[in-house]
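Two complexes follow with subunit A in common, the first pairing it with subunit B and the second with subunit C.
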Partner chain A sequence: MSADTQLLTGYDAGAARARFGGWLARAAASLPVLWLVLLLPRHADDWTNNAIFAAIYAMVGLSMNVLVGYTGQISLGQQAFLGIGALTAANVVHTGTNAPDPFTFALGIVAAVAISAGAALLLGGIALRIRGLYLALVTLVFGAVTADAIFTIPALNGNDAGVSAYRPSALQSNYSYYLFALAMVGICLYVDVWIRRSKVGRGLIALRDNELVASAYGINVLGYKLLGFVLSGAMAGLAGGVFAFWSQEFSDKDFTAAAGFNKALIFVVMVVVGGLGNRAGVVAAAAFFALIDPLLAGLAHHTGWLNYYTDHKAYISNIIGAGLLLQTVIFNPGGLGQVLRPFTRWFAGHRFSLHDDHGDAAAAALVGAGDVRA
Partner chain B sequence: MHELAGSFSTQINLLTPIVSGIANGAAYGLLGLGLVLLYKSNRIFNFAQGEFATVAAIVAYVFDRGTGWVPKVPYFAAIAIGVATAVLVAIATERFVIRPLFHRPRVVLVVATVGVALFLMGIEGILPYPQTASLRTISDVLNVRSYAFKVDGVVALDQDLAKLGALTVLAVAAFVFFRYTATGTAILAVSQDATAARVVGISVERISMTTWAIAGLLGGVAGVLLAVPPAGSVTPGSITGLTLTVAFSAAVLGGMTSLPGAFLGGILIGLIEAFANADHSFVPGLNSLPTAQAEVAVAVVLLLILLVRPRGLLGQEA
Partner chain C sequence: MSVLEVRNLTIRFGGLTAVDGLNLTVNEWEIVGLMGPNGAGKTTAFNCITGFYKADEGTVVYRGRDVTKLPPHRKAALGIGRTFQNVGMVKSETVLENLLTAQHIKAGYGALTALTGVGAVRQRERDLHAHADAILELLGLTEVRNRPLGSLSYGTLKLLELGCALATDPDLLLLDEPSSGMGPEEAHELGDRLLALRKELGVTMLLIEHHVPLVAAVCDYVYVLNFGKLLAEGDPDHVRSHPEVVAAYLGGEAPEALAETEVPAEQAEVAVATPAAAPTRSGGRGRRRKESA
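What follows is the complex of A and B.
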């Protein structure tokens, strides 16, 4: 049954909301998820460390979701915004070996968001005038040039030795910093929800689906696209700020050459595998790609393949990422989000159903035969 | 180089950039030809083109050296096996990735080629072979002097001339193929209207496979010519990392729909890079440029061409 016929008949299986007992069941069912997110990372310090990295990737995934999922633009240069955020935060909070006071730390994070948003505004102002798939090329070149020309300036990267970015004393332990990172993911999730529900989101999606029709309805094409670009850049910048204080250092080597190129590709892979426009799927996929390395390392350690794995880890995660990407675009265009959707809908208070007739339009847009949209 | 600061030298400021620019430009053109071919016929950017090249280079290398259980074969046979492997990989890409996505938006196909590139890079990476090695140069194989001629101390290497020669031959051949052969015309017909092409009896599936096979061939030839010292190697992903982005810029500059444009754009971008990288200290005020000047120059050219003339120098349409 399509969305149109549902409107006509007024029947919608999902419209039945849960009662008190139902909510209790949902609360009970969410306990394992909460345990996984909140308590498992506490188990060991390097697990906490990996969990922070997963939170950072979740933010990048959400930033890609705004860009690719809602505006339909593809970016192969998102790692540049992550880098700009990290560079800004580290340079603002440049305290040498001392821990910064909370105010400086907050200033660093805010500056990371602001500068990344500014860079996105600049890139978007130019790039969005370029039509079609060429935008993908422009973002690819932007990512490489930003890393190689700006991140390598000695005054910005601590004369090639890296800029230290220590955490304030309250966030010194990995677990407290992890909780902070989770809060930042919460902000990104909130922005994502807000975009999706507001006029902005409807405008962006209308644009994505048909630019001509949308502009005929009075939607400011360039303005909305630019807004999507800036919001996405700001989120990636926030992730970059958190990244800088996670590694406690900004180093250009994380973003130049193959390291940067690999990040750019993995970010595209994770948003597609997660399911365009589906925030739960994107967060799950992002966390998966962030944790794939420690998980496989653990597996290889127990099976005696650790040396082989360490030598080839970039390639092994390439194969897994590429395999999942191709699997998703060919067989399962809704991505992980589509698979998770019966559960996420149930948690939102709808009746549990494997048949979701009016799933997110983003998946439909990816499946559908539209014209060039990049 | 720095002791010459302040004065113009024909050798350093003119001849060296011209020679190295044309040599690198030939490489960009070779890779760009395959990109243009697939854009012309499928309207997509193929991010896996660099990996088609690397696959050919790796296979050629292991057969040339006879590493592991692979038999050692004569150099030119090894080259042929390498290029043939690239063609097979391209055909497999078409059959298993592109064809199932034929009716999807183009952006999905582009994302899928990114996936293919990552996948091939990963497979190359886990194979046991000397990953930092390079192919033998053509002058090593023929046992001749490594350069053809020398002007004012600047040498024109045999291997660079081979790149330029191969680029010229392939660009002309591909141009003739599209202009004068039935298959070439059929490829263009499919790209303009697949349904109408099917109505007049063209097998769209066969045409698609042919196109990708040719792209694999072009990529393979590029690979065996690029993976030579001093800069080239058979390292997984090295051709994608070093050459692909610039090759895209070159193809856009020449015009994504024009095969001669790939030639022209390649050489021009090569020259722009070389002159941007050369010593500028003879120009007052330009003696302290930031790093990565070549990359910045290429990016500026790409942006300008896309904003001012999106169809490129020789392209037919946007």
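What follows is the complex of A and C.
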């Protein structure tokens, strides 16, 4: 129990102080969370469907967390990796209307991860020596070019009709596929935990804060920046693979340049609102942004505003997103993760405390750039 | 064989020759000082030696190997550690995390292995934690172990930075003004600490330092730079009574300036040693600049 909880929240082992009774209390407190994640989506099939989408966004959020949160690089082209992953998975499996066998399915997912990681290596290689506004522009162009030049190749998108991507028989039902998607989120979380606990995360954070200091510590700054891009691309590619079998096809209509840009903005907003470098906050914020439309629609339905909502749907969620972004940047730079931190710390076995020096300092350091010169 | 041998090191920024034909040798077990007024090119020389700047001319030989063109992280991996003039550490991390980050080279596992979290990685991480704690104890910083850097005083940060440089397991340590921000007593303590470090860890050091008593206490040999050129070298006592060095720190021309004002040698020494003499420097330096232009 203790090891698992620490794994999820990522705090240093050995610092935990809770006794058996404390862990029992924590187990009890985690029941509502488990109910929310595991049982609630089972109630209605369209909510299972939405929950899968939230899981996909959670993976994208974690991929943005590696790139923006740890490595300190901006990406406005993350949706391209999602698309490349989806395209790869659908084309590798390519069984027409038949369900693939589990091996082919696994191969499709693995290929999605590998090809996206390769694409990220390419983008990272181009982007290595540029930063800030120019990096944002390059990633933006990367996203647009991928959408217009790769996703539109007829041989790859089923002659514009889409490539079907059926699930293997064991994952036919939405709920079983949801559990699979959760397992994939689990893999991303596990990798994220070990990024943060090992020299990998320390190297990425060091180069984010100060490249000179990082190289004085013997960290290969260019190599680690590339590694940050590749890990991020791999996670986004995994999300893309899961996306393909969720919508059961790859269609370039889902990944047009315009729609892609909208997605890219949401991805950046959700990682900032979630809290840069804070996996619990990022996952929660990603799920929120994935579910905002169905949540609002449900709310509008119950309050009798459904027609009004449907008419203005296009921008209501954007306004909420913009509001949350402003609120985060101005009042709460640590994001949702900072708000959740007392609770995640408690779940990890620490004493409950609203005051947390380190989190505040990390958030402050993220906002103010490092100013050490050699 | 000397640990570090710098031959004819030259770097220019546009029309300004920041370091001009510097020759410098650091032998095994020595603590060598690099002095000079502000803007003399000391830190630039450091940056060339550690690979942060590309020298235009000259060679840097480390233990018989030409390392002039190696990038900084390769030099760090070879055992050349350094600190920065205004505290170079990872600001968003805690004290402990900084010491772990500094042990990057010694982590002993691959980056991709790390992500699997296998037992070997866990074991190595425990070792790194233990080593970090040992360094904290050595420097007497154990009580700030889990504090964020932002909450520490400047003197503590400089000390911790030294700890981080030690955590990279250096064989040659380049310290850029280790005593800045410290009072006389702390600086004295730092001197003892540096000597103890050499004794216990066998680290050879090259340090930029303005605090003359500290230089006199720890350095075996001193080089003095002025306007990028080597002005004087020798043991600390010889250098600090050197008329040109005194003139460089106080401004004015040497040795005529000294003769004009008829400052006895002892008094000039005291003036060099007192930071309060600094304001009088600016006028003299301006004059020198104009003449050299």
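We take it that the second predicted complex is superposed on the first by the 346 of 374 C-alpha atoms of A that agree within 3 Å, B and C clash if a C-alpha of one lies under 4 Å from a C-alpha of the other, contacts with A are read in each partner's own complex, and residues count from 1 in each chain.
In this text, a contact is a pair of C-beta atoms (placed from the backbone, for glycine too) under 8 Å apart; a residue touches a chain by one contact, two chains touch by 3 or more.
Values in this document were obtained by computation on a predicted structure and should not be read as measured data.
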So, after the overlay on subunit A, do subunit B and subunit C clash or fit? They fit
>> Which partner chains sit in contact with A:I316 here, subunit B, subunit C, both or neither? Use first/second/both/neither.
In response: first
Report task. Return first, second, both or neither, reflecting whether A:L295 touches subunit B, subunit C, both chains, or no partner chain. Result -> neither
Per residue count on subunit A, the busier partner among subunit B and subunit C is B
- Please indicate which partner A:L34 is in contact with in the superposed arrangement: first for subunit B, second for subunit C, both, or neither. neither
- Taking the superposition as given, does A:A170 touch the first partner, subunit B, the second, subunit C, both, or neither? neither
Let me test your reading of the model: by the given contact rule, A:A183 touches which partner, first (subunit B), second (subunit C), both or neither? neither
Closest CA approach of subunit B to subunit C after superposing, in angstrom, is 14
Both subunit B and subunit C touch subunit A at residues 365-366, 370, 372-374
Listed in rising order, subunit A residues that touch subunit C in their complex are 190-191, 193-195, 197-200, 202-203, 205-206, 209-210, 212-221, 227, 231, 357-358, 360-362, 364-366, 370, 372-374
In the complex, subunit A touches subunit B at residues 72, 74, 76, 126, 129-131, 133-134, 136-138, 140-142, 144-145, 148-149, 152-153, 257-258, 261, 265, 268-269, 272, 312, 314-319, 321-323, 325-326, 329-330, 333, 365-374
Within the complex, subunit A is touched by subunit C residues 43, 46-47, 50-52, 71-73, 76-77, 81-82, 84-94, 97, 100-105, 107, 109, 111, 114-117, 121, 125, 146-151, 164-165, 168
In their shared complex, subunit A is touched by residues of subunit B numbered 43-45, 97, 100-101, 103-108, 110-112, 114-119, 121-126, 236-237, 240-241, 245, 248-249, 252, 290-292, 295-296, 298-299, 302-303, 306-307, 310, 318
